[in-house]
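First comes the structure, then the notes that go with it.
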Amino acid sequence: MNETKLTSIVIPTYNGLQLLVPCIESIRRYTEVPYEIIVVDNGSTDGTQEYCIQAGLTLIALPKNEGFPAACNRGLAVASGEQLLLLNNDVIVTPRWLSNMLRALYSADDVGIVGPITNYASGRQQVDMTWNSLEDFMQIAERHNQSDPAKWQEVKRLVGLCFLFRRKLWDMVGRLDERYSPGHYEDDDYCYRARQKAFRLFISGDTLVYHEGSVSFASNHPNDWKALIERNRRIFIDKWGVDPWIFM
Amino acid sequence: MSRTKLEKPIGPRRSAVRAQDRSRRKRSLPLLKAGKGTEQGRTEIGELEQQAFLAGYSAASGHEDSSLSYDHLQSAFLDWFKEAKRQALSWRNILAVSSAYRRGYNTAAKQTLTGIPLPLRGTVSAVVSACNEERTIAAVISELIRLPFREIIVILNGCKDRSYDCIRRHDKVIVVCCPDRLGHDVARGIGASLAAGDAVLFTDGDIVLSAEDLAPLLLEIDQGADVVLNDISPYLPPFSKQDAVTRSKMFLNYMLGRPDLKANSLTAVPHALSRRAISAIGARTLIVPPKAQALAIVKGLKIRAPKPVDVVKRNRLRSGNVGEGNEVASLILGDHIEAFQAAMELQGARLGMTKMPRSKLARKRNGR
Amino acid sequence: MLRKRRLAGGARQRARDSKRPVRRVLNHPNPIVSIIIPAMNERATLPGVLRETCRVHPRSETIVVANGSTDGTPAIARKWGARVIVTEEPLGHDVGRRVGAEAARGRILLFIDADMIIPATELRPYVKAVSEGVDVALNDYSGPLEGREIHPVVLAKYSLNSLLGRSDLKGASLTAVPHAMSRSVAEAIGYEALEVPPLALVAALLRGYKVRAVHSVPVGRMNPIKYRGRQEDPLTGLIVGDHLEAVHRLILERGSRGGYSDLGRQRDKVR
């Protein structure tokens, strides 16, 4: 039973303690299968390291902000699980989130990456929904998250905010490309490489998670953010000769 | 304070006089120590040291105080060394040249930098395993910062004390905190998996080793060795007084055809591994150091032991570490048995030793 | 059964000449001690050896396994009254020990070699130990320890003992003589185990037999130099290889760590 093997959850974070705490708490409350949490701190100055140590989490404290892909790679290097999962610090997980996704992941030998549906994400994982409060959202998720293969959907690209993949895929595809630092399109790039190795990608439509969608960088530095998106899109196009948008 | 930049090396005495004239600080030029070796070698090294001093001086001159740093010293030395080096130098000579360069740099600069510049061709990561070492960890890291590591990874496992708080925040230091005790040497495997350098130096958080002690290992691993060990031979008692662990280390080395390694082993720190060695041995195998040693020998990796570093006396007595019959000694004996098992899987139960039929042997020895 | 016989010719002459009276080996019909001596071409020393063995214990038998000798060793042994087992082919002294042990009638087996004369007073302690409850009584001599380089065989003996948790035995071994064991131990571990002495030691220790180093006879210094070749003595490789087989046996019986704990290493944390 692969579902009972360990899942390593890697959470890069930077000065996001207020988001990180509920994220961790939700994992602890709603994960029914074996897991380990590895927080990769990108040089936070808001007490993140102290919280992680006090909460008994495995922590990789980097001296300065190395961006999302580099932080992911550090965490994945230390991860020992048979399954690996990248998680944004502004995601709150929901009942049966991981067991549902694992079922999709191991439904066939060539399924390599699985992602959930959520209230906010670029591409096909975002669903239209309304909710009043976080508690309300959690109740919706509780009702919704019943494992259902009919809701699994094969896609060509998944977002990195909640990104579950096999160790075998990690061994074959390798690390995230750090040229995309500080972030954006490294997930598209990884999905492209995974498909090149004949892996399939699924959205597990039976798994709804909450994404706060903090866009502090984007909102604080909108022009820089747009420039970053464009630069990274260019990197993808130069690498693969196609526009990442066509896979979204 | 004005400092005139030296345009080109003039000649030792005159430039020395000028430097003294210009400097407002009452600082006498340090003597340039000649290297050891042949008369010819000594002269050559002596010349190189003098050139190094002047080059170091030049590198620091004319720079704002704020830009003078170990990083700058290191990169300037690296550039100079690439051009100045005539032939392969021993680590002793490299360190002498490095020291002269820094002396020149410091003479011209405001700070007295203590970092050791090294002409590394690749990058080296440091991995420090620590558990409840708040007394020593800060000093350990202070010494590591004096070397041009790409990164210093400190693995704290099962720490119940203030070790994390005692680690100096530095832009090269990565701290990994594992909440549970991982067990002996597991941290080495984690560190090896995490390290990004072309080579990795391993040490422990409870032993403060000077940068001077560690520098030769960095040089050897950077210059192409796969495994660099601490040469603990000078610290060993005579055979009859050695303990079971020491004898096991020797036994393993002898049986695998490396009596020259004596009792030197990956069990002891400090040691260094190239990326090639880590791939060949496997990060997971580093958890059992004697097994890693066996695989390194069997796979024909280049193993060197350039210098003795005294870890024996400084090894803090931990509970459970006193006396021969203790827990850790038993663990190490078990590790050596695992090592033999790994070697025997590859080379057979007799590791290739003769199994000449005894009758034939008897005839050979006693026959008339 | 004692029978006095007049010594013939030359023997009488030699008896008059020698300082000690010549005795014959007396093989007791119900021996307690069996003294086992593998011998190949040892005519020079065998008489002296036998002179001592017959004084070790009143109820003893001496078995000379004269394998592949061409110098009249079997005849000498027979003349001295020892039980003689002759094989055409040379066996090597380890196999000779096995052959002798299989033929032994005593319940205490004492093993010595034919190329060195050890006084009976130095042999009795081994017999005494086994009669008092020690299962395997070893020579407490650990080999030559002086000199800068340690001999690989000495290292192997010490290391095997340490890995078996018996550092107290230092360099004692079943490779070296003299040693004694109870015949029941030999039966339990199997006589063929005696052919590879380190294996026999491992077998005895793993079965929980009482193994002690009881008395020191410095055989290293006494051992006449046999091999003067330039190359390393092939016997060294053989003995060392035997010790490795013994380590291998330890692994087979007690697991890859020989039974030692790894104190809870979390190995799964590293892929």
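By letter and in written order, the chains are A, B and C; residue numbering begins at 1 in each of them.
Just so we're on the same page, a contact is a pair of C-beta atoms (placed from the backbone, for glycine too) under 8 Å apart; a residue touches a chain by one contact, two chains touch by 3 or more.
On a predicted model such as this, the values are computed, not experimentally measured, just so you know.
Contact counts per chain pair peak at B-C. Nearest to the common centre of all protein CA atoms is the CA centroid of chain B. Chain centres were defined as the mean of their Cα atoms; on that basis the chain farthest from chain C turns out to be A.
With each centre defined as the average position of its C-alpha atoms, the distance from chain A to chain B rounds to 39 Å. Averaging Cα coordinates per chain places chain A and chain C 70 Å apart.
Separating the centre of chain B from that of chain C, both taken as means of CA atoms, is a distance of 48 Å. Residue positions of chain A touching 2 or more other chains: there are none.
Annotation for chain B: residues touching 2 or more other chains are 178, 190, 193.
Of all residues in chain C, those touching 2 or more other chains are 269-271, listed in ascending order. On chain B, the positions that touch chain A within their shared complex are 164, 169-179, 190, 193-194.
Chain C meets chain B in the complex at residues 40-42, 67-68, 70-71, 89-95, 142, 145, 149-150, 152, 154-156, 158-159, 162-163, 165, 167, 195, 226-227, 234-235, 237-238, 240-241, 244-245, 247-248, 250-251, 256-267, 269-271. By the touch rule above, chain A contacts chain C in their complex via residues 6, 80, 167.
Within the complex, the chain C residues that touch chain A are 268-271. Chain contact summary for the complex, chain A toward chain B: residues 49, 52-53, 56-64, 74, 77-78.
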